[in-house]
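Input: structures, listed below.
After this come two complexes, each holding chain A, first together with chain B and then together with chain C.
For the complex of A and B:
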């Protein structure tokens, strides 16, 4: 005789493995430079975790990754990339070129196609000809080479702004470093006014042949 | 299945079972906390870090265990405090203590550093959340590394960050604004950090504020203090002034 009492199906309780921790990225590439910037606010819901968490990850002397979305996935993904780059360096005695990192990142993201890294990535760097290059991603690894992009919580606010300024640039009329930097600053100040998940500070990296220049701009802190 | 066959280019070190999640299991457990603890607070001062946490473990709304300390002295350099499911804290405590024992038995004079433990905890918690079997806890790691005080948090997803003042749970709403105010004022007026005594007074004030409004809090609590060459834990009790209760209006 079966003495086991049927208590019905186990209760389906929900654990949510993703969090939306906010943050935005803007990046613009030019003839001999690439600029990538992120805000430094890390938040969840109405709560600000910290006001000084940069979302830029320097991968080599000429490539920087901007990474926003679910912060725990960001940490995991960037750690894996950095380990892979180290392996590559030790195997080949060469630092990986940005176009190869771009493919690696796409493969990494797609490896978790059915439990994705909830992360928006922008990879900026200088290609083998010394020209600025930029790759924009979706969370499951779609990769596109672009000239400018905005992503993260304020991506939808800043992308049309960049479109209006840079959308119909031609090779005869390339964007200068000064212009790009001021566009980045303006995009973030505007986003900081309307998006509660973007604010506090902007950190930017300008990647050029002779190194990476870093700077900070203050944003609204409320 | 052979690990080689599961390898995909994205996996740096092949982690077995990475695709095996709870979705195939019939019984799912550990998805909700049972015996819980409330907020933890942490604040950086000029020469170290102080943490505060009460000693109550609740079972739902019952104040179940009233003497459950949750500030752990890891070594002469690190203290850790936990909030959330108490059994998950006990599990982590056992693993950390084992790590420290293993390290001690090497007898090379090298001990774990706070940033290392912070990263390690973030990997453990992230790994468990990826398996959909989370450790339902928030940890604060405090210590001094290369003469610089370090304070970091890791939540049950593996969300990790460092800051000068951190509070979890209700503390994030009630105590964190007080802590940020005290630290910012000190920086603006004197261009300096809090002293040890100021930090401890601040934490005491915050624990009192939390006790008045957090229904899962308790009047017995601990403060852990770590500096470059000392680590200590104090047992404290609040002396609440409930006379102020009658001044609260609008809840009758």
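For the complex of A and C:
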């Protein structure tokens, strides 16, 4: 009996763990608020999977995380953060402050230095003094505290826009909540016109000391 | 349970089902990620560099994955009669994109020691943080501040553990300890060299040009700080991956001191109008 099975010539098997699911995040922090917004389009290649997927994750009553990039990595990462936050809460009987969450996120991202999470993160929150704070990340966990940021597929389109409006603000001339919100809306409408991966809707969260306010703005659906 | 501990027995060994023990072990493994032990980084089997190349080659739609890590860039440090001067730029680039113009490339490890970072931003910041922890632990265990020599050895040993994994680190460690001022260069190949004049990063060739032409042991403090700033400024002028603001730090026997931050654009205007 012939036991040797002919499987043909050796074939290369590709391991392609990442998908690029698009989406953008804009966030602006102010004196007593932080606003973070994402579009709700989830796509891959030329296919739009859904028009109603927010990319914002509320981590506590004072912090919201925005993630874009590979959606499966986003889900996995946010799950791990949520469980770490829970165990911190049970260990210390306090909710983790945004600055600590920022460091935790950086460490968690770096734990996968050799098989990175393909996720661009923006963490917005209110610090212990009630001031808005914002942290932006690269995929392996380099964290930077900023006043405003844009990330994701339209990051390169929206960041210069924000730079031109917010680049040289001083302490005497801080950005107001209304102004920040209208900048966010403008940034997304502009990006929706030029980026195929950004569109449908914008969800925004405004974090203030009396709670998180959520809103939706419509974008192009094509 | 009290009896168990009195006999010196672990309570895992008795009275527990195998399933329970396994569950415990699984939980322990889950817990011991790098938030518990910083050296514990997840990696795929095989060659890490080759793996990284393979997994980022294409996404599920066949397009290349752009994992644009932030990279940092021109840093310098030199030893002279008045201590050590460190100067750095502040640009972080992800590919061609300027990710940040105000990155902090000097890390304050303790009041007497500073580290500069060039290469992968996340790599440098992460391992500098681990080093800070180790230095603090040394201080608590031995009731004296760690020497720069020892600190640099800890750092280079940690990095050497991950040699060939694709880390990108070029750092200078500078500080003042019981042996006086010292300056070390450490990189991801595992090299660790003491020296007087170093410059690291893509703009280092330009910085060295200015630095070597103006450097001598007998510089005054002001001359030294100016020289450091000028060398970084000229590097930012010629190197596209460097820019932003120039930060200057000075280390003496009283610890480190932040001298100034100045925007490259402002230095340019000043230098242009200076008498030739």
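Operating definition for what follows: the second predicted complex is superposed on the first by the 212 of 222 C-alpha atoms of A that agree within 3 Å, B and C clash if a C-alpha of one lies under 4 Å from a C-alpha of the other, contacts with A are read in each partner's own complex, and residues count from 1 in each chain.
Operating definition for what follows: a residue touches a chain if its C-beta (ideal position, glycine included) is under 8 Å from a C-beta of that chain, and two chains touch if they have at least 3 such contacts.
These numbers come from a predicted model, not from an experiment.
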Next item on the list: Mind working out whether A:17 is in touch with chain B, chain C, both or neither, as first, second, both or neither?
Entry: both
Next item on the list: Would you check which partner chain A:75 touches, where first means chain B only, second means chain C only, and both and neither mean what they say?
Entry: first
Notebook entry, point to check: What is the contact status of A:144 with respect to chain B (first) and chain C (second): first, second, both, or neither?
Noted result: second
Margin query: Touch test for A:59: chain B only (first), chain C only (second), both, or neither?
Written below: neither
Next item on the list: Answer with first, second, both or neither: which of chain B and chain C does A:42 touch in the superposed model?
Entry: first
Next item on the list: Check whether A:184 is in contact with chain B, with chain C, with both or with neither, and answer first, second, both or neither.
Entry: neither
Next item on the list: Considering only touches as defined above, state whether A:158 meets chain B (first), chain C (second), both or neither.
Entry: neither
Next item on the list: Using the superposition on chain A described above, determine whether A:115 touches chain B (first), chain C (second), both, or neither.
Entry: both
Next item on the list: Using the touch definition from the top, say if A:28 reaches chain B (first), chain C (second), both or neither.
Entry: neither
Notebook entry, point to check: Same chain A residues contacting chain B and chain C, which ones?
Noted result: 14-15, 17-19, 44, 70, 84, 107-112, 115
Notebook entry, point to check: Hey, which residues of chain A end up touching chain C in the complex?
Noted result: 14-20, 44-45, 70, 84, 104, 106-116, 118, 138-144, 146, 156
Check: In their complex, what parts of chain B are in touch with chain A?
Finding: 8-13, 21, 26-28, 31-32, 122, 126, 129-130, 132, 134, 153, 157-163, 172-173
Item checked: Residue ranges of chain C touching chain A (in the complex, touch as defined) -> 33-35, 38, 40-44, 48, 51-52, 54-61, 63, 65, 67-70, 92, 94, 97, 99-100, 103, 120-123, 125-126, 165-167
Margin query: Taking the touch rule as given, give the residues of chain A at its contact with chain B in the complex, in rising order.
Written below: 10, 12-15, 17-19, 21, 42, 44, 47, 49-53, 70-72, 75-76, 80, 83-84, 87, 107-112, 115
